[in-house]
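A, B and C are the chain letters, set down in written order, and residue numbers restart from 1 in every chain.
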Amino acid sequence: MTRVTQGDIDPEIVKALEAILLVAVEPVTVKLLAQVLEQPTATVEVLCNRLAAAYDEAGHGFALVSVAGGFRLQSRAEVSSYVERFILDGQQARISAAALETLAIIAYKQPISRTQISAIRGVDPESVLRTLQARGYITELERSDGPGLAVMYGTTPLFLERLGVNALENLPPISDFVPDANVVEALEAGLRVVPDTTP
Amino acid sequence: MTRVTQGDIDPEIVKALEAILLVAVEPVTVKLLAQVLEQPTATVEVLCNRLAAAYDEAGHGFALVSVAGGFRLQSRAEVSSYVERFILDGQQARISAAALETLAIIAYKQPISRTQISAIRGVDPESVLRTLQARGYITELERSDGPGLAVMYGTTPLFLERLGVNALENLPPISDFVPDANVVEALEAGLRVVPDTTP
Amino acid sequence: MTGLEPQSQVTRARSGTLVQMPYAVSTPVFEGPFDLLLHLILQQEVDIHEVSLSRIVEAYLVELDKMKSLDLEVATEFLLIAATLIDLKTRRLLPTVDDGDLDEELALWEERDILLARLLDCKTFKDVAAVMQHLIERAELSQPRLAGPDERFESLMPDMLEGVTPLRLQRAFLRATEPKAPVSIDLFHVAPIRASVADALEELLLSLPTSGPTSFRTIVQGITDRIEVVVRFLALLELFKQGRVELVQAERFGDIAVVWNADATFDDMGAIDNYDG
């Protein structure tokens, strides 16, 4: 990394930059990077370009590219055939009940954060979000200004397309919901004053 | 990347390996990598380890680690403060002491039933089990053959991932935790039947 | 009770603590009877020579009170352990008594060994849990790559939504958002429990001398709080140990006959008055 940090830049900043780019799921703007790294945007811009060049030169299987107004790591085009094979070999065809529930919550409540989903389902949706995002059914909506603010999720046009629906407004309404019998029964049993264990 | 491909390995394979690791969303087994790269598993194993060492040596902000039975790219711990600032939303809800103790029992005694856990802890673990299952740390294994067909619990790959451990065998041996002599003595003294007549 | 009343209660409960703390189901300082006993012994707050059983009981009651719920399993386990402790204590305080019944003696030893083994188990997994916590904290310093393949590979993704209709999606949403029936819901109406062995002793000392022969079930008749039953049982054991009452249980799980021992002296009464519940 010494080649990247020529001049007066702390090598720690380059390390941090690489770490952030690795964990980022969407392209990261130079502005946001500058904020997190506490560096001038010009410096960050230069660093990103140097890093991209260094990856190219070293012949890594990944590349740092400028896309959609930000920087992101992606696999290198020349080894795409391997990546394709990997995706096809590791695929899982059917959606799980948990994933469908999470997807439904996002569809009806978007924009919604991971914490909010977790509060509704009582389950941390992390791995499900990974899957749904990898399949392109959901996406991170634009983060509000500044680092550390909650990522909000929403559904994609692909999601609507696969569901055969024109627009979100055309999803079946959920306002007239009445709990069905077994739910009411379960709740009633829970509230019974005398437990069933009495002989 | 030349240092990684010393010997007769095609540099293209290392590139492909890096590209696959970059697009993977969970640890990739050496077996799957070998299949996609069309290389012997032994070769892939060596390659992964060399790649991990090369990343360490070059001082990258990311690392290749062996966790939960596979390899994955992750951000380096030493720049965690920057990464945390970048993804505040990703904070895990802390796990309670009760849940952690139950998880420890399951990790070391699996497959284990709810009744068996209850016998060890003196507390019905039902709600804790539900929490742990909801978070994906434990799963129901096959039912035991005995009467009543008790549900048996075991830990999941996600549990290993969260602990940063490669396999159950890599957890510290339980013998390391058997209370030492003075603790045993203190407990024994507390429960002694015959009054202490020694001076 | 109609179907709608409980639902409104549950909704209220959900908007309260349940939803806000989905993982904090129970985080008392002491998680169960072994945990508490382990703590008391290892802190050497209790020397079994002068064991203040009431202190263990009160400490446990305080924890139960904090939990704002009373678990039958917990109460039962606690009762068993308390009984064993009293038995051990009695045996220690009366070393010169000729141990006539060898079976009884062996049974007590066995009880005590089981208790010891369980305490050791408890300690072992407590320590393991601490190490696991450390591992988790260390692992959390590194975040995994989760971005997945970029859009160039989108067409390769199998359609997981095949067969998923808008109606199925709606049902999944309703399933996900429907009020869940928490197990502890039946405890919301329970008022905070106030119970101590000292109070129970006082009550028994007032009633037993004049009541004539009675039984445990009669004493706890009409009492619905399990902990109220527990403290009366412990108070009876205390009186038994002090020779104030005779206890006879004809069969396992049978009722316990309670007979006041009128021959006891007034000195003993003083001792009971000082019982530091």
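The criterion applied here is as follows: contacts are C-beta pairs under 8 Å (C-beta built on N, C-alpha and C of every residue); 3 or more make two chains touch, one makes a residue touch a chain.
These numbers come from a predicted model, not from an experiment.
Centre to centre, using CA atoms, which chain is the farthest one from chain C?
A
So which chain ends up closest to the centre of the protein, judged by Cα positions averaged per chain?
Closest chain centre to the overall C-alpha centroid: B.
So what's the Cα centroid distance for chain B and chain C, whole Å?
31
If you average the CA atoms of chain A and of chain C, how far apart do the two points sit, in angstrom?
It comes to 42 Å between the two C-alpha centres.
For chain A and chain B, what's the span in angstrom between their mean Cα positions?
So the centroids are 23 Å from each other.
List, in ascending order, every residue of chain C touching at least 2 other chains.
Correct list: 22, 143-150, 153, 183.
If you look at chain B, which of its residues touch at least two other chains?
Chain B, residues with two or more chain partners: 21-26, 62, 73-76, 83, 87, 90, 92-93, 135.
Would you tell me which residues of chain C are touching chain A in their complex?
Chain C residues touching chain A: 1, 3-7, 9-10, 19-20, 22, 72, 143-154, 156-162, 164-170, 172-183, 185-186, 189.
Sort out for me which residues of chain B touch chain A in the complex.
Counting only chain B, the residues touching chain A are 1, 11-12, 14-26, 28, 32, 35-37, 58-62, 73-76, 78-79, 82-83, 85-90, 92-93, 134-136, 158.
Okay, in this complex, where on chain A does chain C touch?
19, 22-26, 72-75, 77, 80, 83-84, 87-88, 91-95, 97, 99-105, 107-108, 118-122, 130, 133-137, 158-159, 162-165, 170-172, 174, 177, 179, 183-193, 195, 197
Quick check on the complex: what are the chain C residues that touch chain B?
22-27, 31-35, 38, 41-42, 44, 46, 48-49, 71, 73-74, 77, 81, 88, 91-93, 95, 108-109, 112, 115-116, 118-129, 131-133, 135-136, 138-150, 153, 183-184
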